[in-house]
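Per-chain numbering from 1; labels A, B, C and D assigned in written order.
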Amino acid sequence: PDDLVVAGQSFSSRLLVGTGKYKDMAETQTAIEMSGAEIVTVAIRRTNIGQNPGEPNLLDVISPDKYTILPNTAGCYTAKDALRTCRLARELLGGHKLVKLEVLGDEKTLFPDITATLESADILVKEGFDVMVYTNDDPIIAKRLEEMGCVAVMPLAAPIGSGLGIRNPYNILTIIENAKVPIIVDAGVGTASDAAIGMELGCDGILMNTAIAHANNPVLMASSMKKAVQAGREAFLAGRMPRRRYASASSPLDGLI
Amino acid sequence: PDDLVVAGQSFSSRLLVGTGKYKDMAETQTAIEMSGAEIVTVAIRRTNIGQNPGEPNLLDVISPDKYTILPNTAGCYTAKDALRTCRLARELLGGHKLVKLEVLGDEKTLFPDITATLESADILVKEGFDVMVYTNDDPIIAKRLEEMGCVAVMPLAAPIGSGLGIRNPYNILTIIENAKVPIIVDAGVGTASDAAIGMELGCDGILMNTAIAHANNPVLMASSMKKAVQAGREAFLAGRMPRRRYASASSPLDGLI
Amino acid sequence: PDDLVVAGQSFSSRLLVGTGKYKDMAETQTAIEMSGAEIVTVAIRRTNIGQNPGEPNLLDVISPDKYTILPNTAGCYTAKDALRTCRLARELLGGHKLVKLEVLGDEKTLFPDITATLESADILVKEGFDVMVYTNDDPIIAKRLEEMGCVAVMPLAAPIGSGLGIRNPYNILTIIENAKVPIIVDAGVGTASDAAIGMELGCDGILMNTAIAHANNPVLMASSMKKAVQAGREAFLAGRMPRRRYASASSPLDGLI
Amino acid sequence: PDDLVVAGQSFSSRLLVGTGKYKDMAETQTAIEMSGAEIVTVAIRRTNIGQNPGEPNLLDVISPDKYTILPNTAGCYTAKDALRTCRLARELLGGHKLVKLEVLGDEKTLFPDITATLESADILVKEGFDVMVYTNDDPIIAKRLEEMGCVAVMPLAAPIGSGLGIRNPYNILTIIENAKVPIIVDAGVGTASDAAIGMELGCDGILMNTAIAHANNPVLMASSMKKAVQAGREAFLAGRMPRRRYASASSPLDGLI
């Protein structure tokens, strides 16, 4: 089977989803179920997974028995905060090693702070975490994060929450071509075709949150995204026809326009 | 159910496929089955559906009991040829009224000859055919073909066999906004995301042939296209999030870049 | 010299401009002067060039001694109106034969009505007019208008007044490759780079109005457009480098993404 | 006047050019003269500006009396090499402080090594250099380089030598919006419209080499680029019309497609 393998674990779904921005817990649950996702990422600083006893606990609706919970460091702007958040998550989840590291550079764009990301990733890997890491779409940085021991590299397609789709497919493609670990597009997908495009480039998976949660109908959009990721994956594996100006053209497009 | 309705008939699949360019009849059959298509278009001038007794008959593998056969006039460069071909198809298919009209303008681009298309469509409608019509992406022409009585209008996304995807989404969108009959993108789709984009714009269906038949693995691409069309349809119905420069932007993109 | 030749007349500028939408006559005059345009198009149904004696006359600021006045049929939705307008223009301009024909299809998009355009063009050519003709970007229609005797074919880049730039460069390129008369992009240019792109494709000229008149500073935008058209022309003649994924790539882009 | 000011010096041209890849010194000289550039960048590791006595010296044709020579560290893959190259340049050019720092990450893409770039920039600034710095298009990194004291930040539009144009205009725009020092697009421009697009975004200048040197006619392309940069600058200052789907649309594009 064509599984996504991250840190030795196999997943049949290549769609990873977040839990933020939904109307309520019921919508979160239904949409995530409909998405078919097996890995669900949770912002530890914003979501109660047990650190606030007596408040509603996300894990009651998104059960760790059913889903692989991927704690993330959303909202962390320094290496220190990100490290503390990962360690807290490990404790809350009973020694769970898989985390998604994001260290943000500013509140406006939510771009990563690459220097602090590199620094944190290095420490987390040494502390035994399995680090999936949010980064920009710079191929050199992506390779360095892989070499450091991250288990998956997660370049942004476009700014978090923008819905702009893959702004720079060539960069994503270069990252993929250079990689030995899974490359998972994280952030920026806005609709089904964006997800398909990511998979057609050869990404190993797509992580999204706003595109589902802020659709008019999140549950239906979750279903759409499930199919879009599968469609994109199959198109990648099937090998698309070349692009030509016409059927009768003797060669594919030549780079002049 | 969210059916495609053409000339009073309901179809649960919004993917329409052609039968040309496959390696052999077996591949044609398997790919079409995998695509989930219910409407299969056949080039009467190139494909034997009974007019050449003793030769292999497409209808033996693509049975009219299972599929709606949509005879088309591919290869016709004049109104006269197109009309003759439609009448022949009606005869071969026992009075079948549904046809796909295409009158081509030249061999290089396979763009439609709009004048001859308008003329032929008018005659065919008057002769009682249910005319699905291949056209360019000009919204005024599309509306005229609808007003003339065509049962579906089929603008090209890009030249036939090019795989370039939807070259002018604004035109397709304008055609859709003006229409009361189904708008089905015909020609130019190259990969799964192209099909999804068409459906996200609000097209009622997509017709394709080369994108499947000329993929490295046509059967897998057929499966991909089935999902891509569904994903795009669901994304359209679900209502996508707006595109913004960042999550924190107070308004969507403003048209300046 | 690298002149634009239309109906036997040579022009050193390849930028053609309209006269509508300016704040006042003084701005019209200054902007047009700054644009370096030699051909200035005038909407006969909206602009007084003598038919309303006693009212301000555009020709007082845009002198026919200095500019080639190109009367156009903007606002005409039927062949009859367009023909009458051209004949009126000829009379007002003392037998002037050069006209720009546009027959519009609807008020929303201002797309041409191709059927009425073909019909009017044919009549005008036979009446001895030198017809420059506004059309969609369909290569078959463009060729037919040329064969009919039009002296220049003017495909839209995007809807009139949209500022969307060249929506379908492949169509424009195909029109250019097929043509023996000048191809002048008419409508849709929004900023300098749009004009440059048109010229880089090999267009013989660009006609614009709103992009200049509705800039915040029309006179400065006129200067920009003058340079952009020259830059695009020179880039076309100079022959651009091929597009490659990197400097070290051994071949140009291959049409797969 | 609308001057580009870098490190306190004013320049009337916003086009910066390189000296590599020309057929011969004569072509280099003529093309650069035609480009109107006042700042000319020189790869110290590849070009003799005096370090190899007895060999042809670029400064004989590109005189420091006429041009501002901008030594660059092209070909350096480590901070150490880049620092040594800058110091050598300062010595060769009699104490000249202005340098263009580039530290490359790999030979395939020629993307910058951001970590080594940050490290080198910091040291060079402290040693009193005026550092113009080649970087990726990450807005957080660009801001950090500015804060460190670089006199200009030079994000890539696309890989060096690719001619792909500005791959991610939103990133470039964000860099510009955040900046107090000049932002100069460096690398990736392929033709005139690419340069115009960069300037329309609000870049303070464009640096290019291959787009001119590898055009079929480099001298004519140099002239084109001069005009394109001016046209783009004027369009930026003039303030373009908004993009709308049609002239009759009541509001600009809304971010849905």
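Operating definition for what follows: a contact is a pair of C-beta atoms (placed from the backbone, for glycine too) under 8 Å apart; a residue touches a chain by one contact, two chains touch by 3 or more.
Not measured: the values here are computed from a predicted model.
For the pair chain C and chain D, chains touching both partners: A, B. Of all residue numbers seen at the chain A-chain D contact, over half occur in both copies; the interface is built from largely matching residues.
Using the mean of the Cα atoms as each chain's centre, the chain most removed from chain D is B. Once the centre of each chain is set as its mean CA position, chain A and chain C turn out to be 48 Å apart. As a whole-number value, the distance joining the C-alpha centres of chain B and chain C reads 34 Å.
If you average the CA atoms of chain A and of chain B, the two centres end up 35 Å from each other.
Looking at chain B, residues 109, 159, 164, 170, 174, 200, 240, 242-245 sit in touch with two or more other chains. By the touch criterion given at the top, residues 107-110, 159-164, 190-193, 195-197, 200, 210-211, 214-218, 220-221, 223-228, 230-235, 237-249 of chain A touch chain B in their complex.
Interface residues of chain C, counted against chain A in their complex, comprise 169-170, 173-174, 200-201, 240, 242-245, 252-257.
By the touch criterion stated above, chain A contacts chain D in their complex at residues 105-106, 109, 111-115, 118, 136, 138-141, 143-144, 158-159, 164, 167-168, 170-171, 174.
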